[in-house]
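Take a look at the structure set out below.
Chain IDs A, B, C and D follow the sequence of writing; residue 1 opens each chain.
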């Protein structure tokens, strides 16, 4: 644990240095640092939402303005005795109002994604700015003066240097706690692939709301302190739309999604515009514009690289003997029941009256030529698709209406055909997402992850970034992630597609190992060799309906299967020779 | 510009040569540079007015340094060094860069343009006990903080329309009703509040006050209500772009009023050029006019200043540029009266100033804004393309045309 | 009431034309072009020059201004936007266009000074009254010109081979490549077309509203609202979105207060995004979430 | 069997999607006026190979020659101008454009424009149903009709070599029969064909020669009949 002690010592020394600085620096330099802390704190708060969850907002100037006006109006209408009390109350109210606004906005706005979310937030901040400047009670038009709150003996720039340093510390602390907790994994899942996230049990809306409210609250607090530091606030200087976009540029420059990125980006831009280019006359916008453009073009992923390529292992827990207790006891009732499922797409019957029952603890394979409706069947079971008719039952309980999140909670996990790893994260972290949001819970998530690594033979690749894995390993990572959630029923969608011989055998070994542990597996696969080797039971689908069912040997011999697979034989000769060749 | 009478010309020439003679003798000594700091918005919505203020500063500094070869403070020859920074309408940037100038030992500051920038920066210079003379921030709140080192050429916004309302009271036939259109910003709202107060005392009925957002592209809605309520007077307190829009749309929708008063717009030449004959008979707020007969300690008189301005500036003069020039004249005079370059001594000299400059009489209220009566604006009216002073009578250069002729009858 | 409706429609038509270019770029390439407002102003300033120096009536300068800006738009896409799309994500391409917008706004200020300009054609003062409603001639001509130009854009997109290629590339870029379409070239043409129509709308904007380099922000923001309201990609979407926005603005002025048209416009933007993100007519080239 | 130099020569080409190898080593040839089948199970790398030939993907290894000239580095629209047209997997018709406009787009290539009318007549003769449905939006047509339109669109660019990527995918079995007869019809119009198919039987019934692709490598080639009886083919598809 020597490493941790050094780290703490370094932080303490850093803080001592930062607090001593003002006495050494000139007032101008102190003000530059004050502006730097202000920008860095705002960028860090924005990054929690934009970087960690991948939701870019162009409207954070709205929260800044709400904080500023809350503090200004509070100290104008309410005498709180000492100036310090006015500042603290102002910051508290600013944070609270911004957080409440975010909470109210959360449900409607967080349903939007990408550019639509960004523009919606821009719209919100513009509405607030217009209301502030045109509603008399908000006095944004005429402007509000704020009382000086710094202690008489201390220079204002030194005082606000401390205030904004504190706010930056708070902002960083919140960002760090998010990064090291279960929340971070959930957010990574949301950022990387929000459609897959619920399948792994990540409560996407709840997590997005938490992060949105936190990010807004901090921005509101900073807005309040900003109002006091200026001493006079109007709608323009409070809801500065350009600040709303500047903080995005800071994060882009530093490295979106990293902890130090926003800090680095803010430091560079403030230093460049206020120190190096301080005395440029009449070309301020030209230089800033060209600066922004070149930065984004030259460093698309920012200085620190995108999404924290060097991701620290987050939960250093002791490696306990990996045990994977078998799923909760099950009799011999079928785990999964489908009766006459029909799915109709604009006139095309993808599935017509398909019924099947999956026995527990077995590998149940579904095969059929391309385009027979296998994937559609899969989407019905994993609640991606509501069947036009028919019922799906899991352990007796009807699930065809359930949300994917609820399904994964009740023990159904799906391994995708096109492996969807979280590119920016290591192999271990990818599996941790499955473990954390599965049914094992954070305490022994680490142990379950180790077990999953061992079963899928990925232990020595644990720190590799997922993006660099070849297809074979990616497929095993997908399985490991599913195993880590300790499901009862695994739905594997063509796990062997595109694998070479050895990789296919690995996957088959893993599936066999899971069956031995009592898990039930439904397999959709093309590779007939795999089907024949590992399936306990096979069901053949062709042109949307079930044509036969039974053990692998029975099914392969059935003429209807051969015909469905190889197409209608042009001449009797061909079919004759084929049937005899099959032993 | 009416032709100069011979007498005026000789008088100003004599005054000018006297100063030059003093200046040449002094050139032998090495001159001490006195830096004037401060920030200007070169981008953002106030950029055009910011540029006019900057021209006003540059022209006087050039005259003092090059024409006069400097100015004497005690027995020391000084030259002026203008160090303005671009605050890009960002208060944080302005405050930071002005702090830098204070650290570098700049003792005297000139103000930026909009109140949102002037207020935070004046707090910094006040704390550093450096005087700031500005011709930009009109908002009352600059002068209600009890700052001692802050001086503003313009009287606080709420008192700027006193002369206009006084004129309305005395106009025959009687003015009964008035409507106000005002932009929601720190300059417009106090101006409107002051006017509303004065109108109540004057017994003129205020029909409606239309409040407008800072950016607007259509006022036809307001105009159709005005056509319905037919007020005698329309007072439009809007920045130059919206003032132009107002006149354009009043003309194109045939909305006529007896009196149209716009504090910002008609006094700017580009505004009059754009609107041509439709800018005639518009009333505005005039602080200065090339034909005024004021003497000036540096230029000799207003005419000499105007000639020098035209020769040395790429932009046409405006109220703000002359007021900006006046700031520097005040500084130079105060330094010479204080006989020292110590900021606090100069500050005391500034506070005591009561003299005539090419801009007019300069005397400050205890809070630092221009004395509303002495430095208050006169009422001007655009008559065949040029602004004429029409009120108060003693300063008038022409008779008020009232009521305004209809837009359609303009030739 | 009728006056409010008339004012709203007249104003709305200009908003539609000004947003048409932005809508085309967003519909075809899913790029949010923040430089759109500056392109509109470039059109206004070019018309101002031609009007002031050569005395040509602004409406007659539209073809020349449009041609100039077509070339500018094409070059802008091929030299910068194409690189940005390849190197960075779509969202950061937006930041690139922001950088260029700031730089160009500064260049306009240096070249044309920050003073308020306005183009006053000979008929600037005339107005007609139609059954109690007063309609000014500049706005009427602008209304007609806007409808004409939007119609022209619709014809170009629906009838000409250029339009066909643009629509095909928008719907299925890979299939377009396989039909021997040089997709990068088509994106350049799309940007050129968008810039040309933005420039044309700039001429009309210059005629109706006093402008300074700073007003470019207004036109970019309002293009957003029109596109979200009406739907991206099609001139019909831009027209519907613009007219609706104009009417909403003028009724807000009458019944809520002259200070709130902007607030209402942005409120409409947010509400539309929540209810129908793809706008009333949907994305002309296939829904993009 | 083919003395003249092949129309299309693909030598040891390879491609990997950021790390994951999709095509390791594929070589094949297509003679003029010949129909060649490219067989292989799902994920064997068939689509990737044909996209490289058509220039939609930049080939990372190996050489592609067409009519004697090296086209490995050419951009997609230049490859089409030289006479290679790919009817992509999943058809990719222009959904919100009419049948007529889809066909006009197909003739966008400079080589095809002068012979637009002539090509159009031929297409309408091969696919009479398209002639009736000219104004209809392509997106509203059935899978089969869209497949016919995609092929017709390919024909409109007057290709010398036409590549069909899984034309039978997702079609009703009855339609597959008529589709392959139509494809046969194209052959007589003097166009070489490269048909990529999983449906072994149908493909080999119209092909002169075939290549089998397994896990990104061309493992086997031969005449249609040879391949049909080869138990390796049966194992590659029936998996045991």
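Heads up, the rule we're going with is that a contact is a pair of C-beta atoms (placed from the backbone, for glycine too) under 8 Å apart; a residue touches a chain by one contact, two chains touch by 3 or more.
Quantities reported herein were computed from a predicted structural model and do not represent experimental measurements.
Asks: Measuring from CA centroids, which chain ends up nearest the centre of the complete protein set?
Replies: When every chain is reduced to its C-alpha mean, the one closest to the whole-protein mean is C.
Asks: Could you let me know which interface, A-D or B-C, is made of more C-beta pairs in contact?
Replies: Top pair by contacting C-beta pairs is B-C.
Asks: What whole-number Å value describes the gap between the mean CA coordinates of chain B and chain C?
Replies: Inter-chain centre distance comes to 38 Å.
Asks: Provide the C-alpha centroid distance between chain B and chain D, rounded to the nearest whole angstrom.
Replies: 78
Asks: Hey, how far is the Cα centre of chain A from the one of chain D, in Å?
Replies: The separation of the two C-alpha centroids amounts to 40 Å.
Asks: In whole angstrom, what separates the CA-based centres of chain C and chain D?
Replies: Result: the chain centres lie 43 Å from each other.
Asks: Multi-chain contacts in chain D: which residues touch at least two other chains?
Replies: none
Asks: What positions in chain C touch 2 or more of the other chains?
Replies: 105-106, 109, 257, 259-260, 262-263 - these are the residues of chain C that touch more than one other chain.
Asks: Which positions in chain A are in touch with at least two other chains?
Replies: Answer for chain A, listing residues that touch two or more other chains: 130, 134, 282, 284-285.
Asks: Which chains touch, pair by pair?
Replies: Applying the touch criterion to every chain pair yields A-B, A-C, A-D, B-C, C-D.
Asks: Which residues of chain B touch chain C in the complex?
Replies: Per the stated touch rule, the residues are 42-45, 47-48, 50-51, 181, 184, 210-213, 215-222, 224, 227, 240-242, 244-245, 248-249, 251-254, 270-271, 274-276, 278, 315, 407-408, 410.
Asks: Going by the contact rule set out above, which residues of chain D touch chain A in the complex?
Replies: The contact residues of chain D facing chain A are 18-22, 41-43, 142-143, 166, 169-173, 176-177, 198-202, 205, 215, 228-229, 231, 234, 237-240.
Asks: Applying the document's contact rule, which stretches of chain A touch chain B when the two form their complex?
Replies: Residues 26-28, 31-32, 35, 38, 130, 133-134, 140-143, 145, 148, 155-157, 230-232, 234-237, 240, 242, 273-274, 278-282, 284-285 of chain A touch chain B in their complex.
Asks: Using the touch definition from the top, list the residues of chain D that touch chain C in their complex.
Replies: For chain D paired with chain C, touching residues are 54-56, 75-77, 80-81, 85-88, 92-97, 101, 104-106, 108-110, 112, 153-154, 157.
Asks: Tell me, which parts of chain B touch chain A in their complex?
Replies: 42-43, 83-86, 88-93, 95-97, 99-100, 102-103, 115-116, 119-120, 123, 127, 139, 141, 144-145, 184-186, 188-190, 211, 213-214
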